[in-house]
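Next come two complexes built around subunit A: one with subunit B, the other with subunit C.
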Partner chain A sequence: MTWRRSVCWPGIVVAFCFVPEAHAHLVSTELGPFYDGAVHPLVTPEDLMTILGLSVLAAFGGARAGRTLLLSLSLAWCVGAFTAYSIAEVDCQVPLLTAALLLLLGVTGLFKASPPTWLLGAAGGVIGLIRGAMNGGSARAQDGEWLCVVGIVTSVFVLAALLAGLTVVLEQRRVTIVLRVAASWIAASGLLMLGWELRGLATAT
Partner chain B sequence: MKRWWPGVLLTGFVIAPHAAAHEVRPAYLELQQTRADSFDVLWKTPARGDLRLGLYVRLPEECVVLSEPRGVFRGGAYIERWSVRHPQALVGTTIYIDGLESTLTDVLVRIHRLDGSTQVARFMPERPAVVVAGAPKRWQAAGTYLAVGVRHILGGVDHLLFVLGLLFLVQGRWVLVKTITAFTIAHSITLAIATLGYAEAPVKVLNVLIAMSILFLGPEIVRLHRGETSLTIRQPWVVAFAFGLLHGFGFAGGLTELGLPQSEIPLALLMFNIGVELGQLSFVAVLLGLAASFRVLEFRWQRWVRLVPAYVVGTLGAFWATAQLAAMFGR
Partner chain C sequence: MQWSRTRHHSCLSWLAAACALCISTPALAHEVGESAGGFFSGLSHPVSGLDHVAAMIAVGLWGAQLGNPALWILPVMFPLVMATGGFLGLVGIPLPAVEVGIALSAIVLGLMVVLQARPPLVTSIAIVSVFAVFHGHAHGTELPEGQNGLVYSIGFVLATGLLHLVGILIGTIHYWERGKIALRTLGGLVLVGGLYFFWRAIE
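On to the complex of A and B.
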């Protein structure tokens, strides 16, 4: 367990400092900008799998870790999104790093590594800040309204709360296999994305 | 007990002028085919007094105007009628609504053909264009009304806030089922009555009463937190039923404003109501899921945090009630 904490977790935090935004297109729900924003994290695999991956890791730390993750991730996402929406247009994609990070997150969950709560909170804060900033920046770049950003932030909070609650319940009921399967899917998705991106790079060169 | 009232009322009076409660004012376009290549056009846009919403129908360029538009203000709407001719009977062409992008409203379009078929579609601010189909299916019309119902409830902050307030009053699963069912039955009754034309409620009075139904729930939630009791706390389903009747008249606005023909009303009513229920149940499901998650994550809320929902519901109810009262008395 010690080597996992010393290697994997700082790795996750550092790696997520470079988390990119991939395919940040706003979806039209035909229900107005709030709902357009609210659906965005649900249809963006990178956002969805990141929140799920972090929730799985939080589950191994129990209710306290779940609470910490929910608060740090949501608050940071909110700050990042509104700050970026106010000041910058960011609409970049770095899919290679996203794929690598999902792989790392998935593998860590697969091995049931339990990070210290403070580290999980810090990781949630950094990831939330960056992904929120990317969401907010792309919303601005696509002329989204501020209600769209409210929708994104609300959706992230609801999603994180539901997933954190669900994963903690599963862990409490000793249904850990479900969490590890979820983590393996995240790792597999990351691996597929990584292979795809590397193949693209190789073809280009 | 009364300490919170001045704050709520003051907030209400301060922000009332900026308040905009849920108001569904869709526009309606009807194209009635009169000959193989001709249509009578009915265009109904929301209006207040002699001011109409700036929405304009743009038919395909090949259309020849047979009779110039004649407009009249009637019943809170501006109604225009004219006739056009198109060589392909509009099939495959695109109709646009100019000015829709800068509004929050919808436009429902119904195209009646000589063969008895009808195309129903919806223009939205995000998509202010509709392609005229050749032979539309009935399920397409049903889907459109379903979407209108979902959009009506999810876009109606006042209705959702009332449901939210009810959930904070409910204690126990059985009471929850009774309360949600009572609200659903009640608003379905008045929605049907109003849509079928058996009764109608004055819109301005109705808006005030709906806002007051939300305001009513704020103090009741505070009472519950203080360990006090009342009929609302003991039997929330009674209140849900009573106010549900009011909200049903409000829902009916989403359909009656369209001025649908009698033949279309049963399908529209059914699908619209199903859409409203789907939206409402989704909202309730998310809230219940959140409540369950907070329990699992062992959140220990401070007393003031637990009172926040009561004050949010009460304050918004107060300023909507104030705004609607001001509107009712012509301010």
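On to the complex of A and C.
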């Protein structure tokens, strides 16, 4: 338990140190602000992959871990999104942090290193808070209506429920291979993205 | 009853996901267009070179021949180690004789399938991993700039995984007696291709 924590947290802290700016635009569905928001997590691979990576980890902890993740991630995303929408314009992305996080989630899932439920809940809370704040902040920066934020939060809840449910069922049916392949692909994507961003930084400097 | 209820729920889930995706079709904002372009660009990159395709399919063929647990360990390890090679290429760490390494991968993997070699699991993982670094490095140095890194990477990894899956699916013919011969013949084709790529690399 201690070694897992000692491996995970320094990685997250180091990743937090790199926060370059980029823009995250909301797409227009022409169906109204709620649907503009609802579509946002579906077409944002950073959000999708993060939720999938957490769901794979939850699957190894069973249905209880899945429920905990669903609750903590959705609530934290909601709090982060509405807080940021209310107080600040944060039109930025954190590609290095996202890449490092995907790598961490993927490698953890690949080796089936299931974290304890409380740790998974806490991680879901922190990640949900950050990504929610980024979503809410960018919605405000682009003059999106509050219904747009409701759409984002609703979509995240549905996505988390579907993915956590699917992965938990797969694990219960002993289809662990699918989960480990998914984790491997998430880790590989994160690693490539990390290299991509580092190359971009090196080119810029 | 339990099974049918779960299947019913599963069908509903997929239907909901499909509906959600359909709703997103009017979203023609340029950011989404760029992401889609990056995804397809990443998806097409691993299949753009016959040497890569031959080696990646050969990994699947060999995995199918070896059976569990190599069947899933090799394709799980390959994308991750290949991404490590890609990372090295992206950050500018050089690797000598990359093209020779790629050609050798087709030769060695083809030979393994032809010989129906069954080395210890650790050895087979090591063989696949060493060559995966060469493939990843070559891709890493060739990745185009100016696209969404994550979307491109997802497409790239997905294509690699699908090539392995193709290899595994073809490799299932191994369960039939005549299929074994056909599979070894395919391994021979990869081997011959590898020799050609090797000749081109050192030319």
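Convention: the second predicted complex is superposed on the first by the 184 of 205 C-alpha atoms of A that agree within 3 Å, B and C clash if a C-alpha of one lies under 4 Å from a C-alpha of the other, contacts with A are read in each partner's own complex, and residues count from 1 in each chain.
Everything that follows uses one rule, which is that contacts are C-beta pairs under 8 Å (C-beta built on N, C-alpha and C of every residue); 3 or more make two chains touch, one makes a residue touch a chain.
Just so it is clear, the model here is predicted, and its values are computed rather than measured.
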item	value
Dominant toucher of subunit A (residue count), subunit B or subunit C	C
Partner chain in contact with A:180 - subunit B first, subunit C second, else both or neither	second
Which of subunit B and subunit C A:110 touches, first, second, both or neither	second
First (subunit B), second (subunit C), both or neither touched by A:74	neither
Which of subunit B and subunit C A:194 touches, first, second, both or neither	second
Contacts of A:66 with subunit B and subunit C, given as first, second, both or neither	first
Partner chain(s) touched by A:95 [first = subunit B, second = subunit C, both, neither]	second
First, second, both or neither for A:168, with subunit B first and subunit C second	first
Partner chain(s) touched by A:43 [first = subunit B, second = subunit C, both, neither]	second
Touched partner set for A:135, first subunit B, second subunit C, both or neither	neither
Doubly contacted subunit A residues - partners subunit C and subunit B	28, 30-31, 35, 158, 162, 165-166, 169
Interface residues, subunit A side, partner subunit B - complex	28, 30-32, 35, 63-64, 66-67, 70, 158, 161-162, 164-166, 168-169, 172
Of all residues in subunit B, those that touch subunit A in their complex	104, 124, 126-127, 147, 150-151, 154-155, 286, 289-290, 292-299
Contact set on subunit C toward subunit A in their complex	6, 10, 13, 16-17, 20-21, 23-24, 26-27, 29, 31-32, 35, 72, 75-77, 79-80, 82-84, 86-92, 140, 143, 145, 148-154, 156-158, 160-161
Residues of subunit A touching subunit C in the complex	25, 27-31, 35, 38-39, 42-43, 45-46, 49, 95, 98-99, 102, 106, 110, 155, 158, 162, 165-166, 169, 177, 180-181, 184-185, 187-200, 202-203
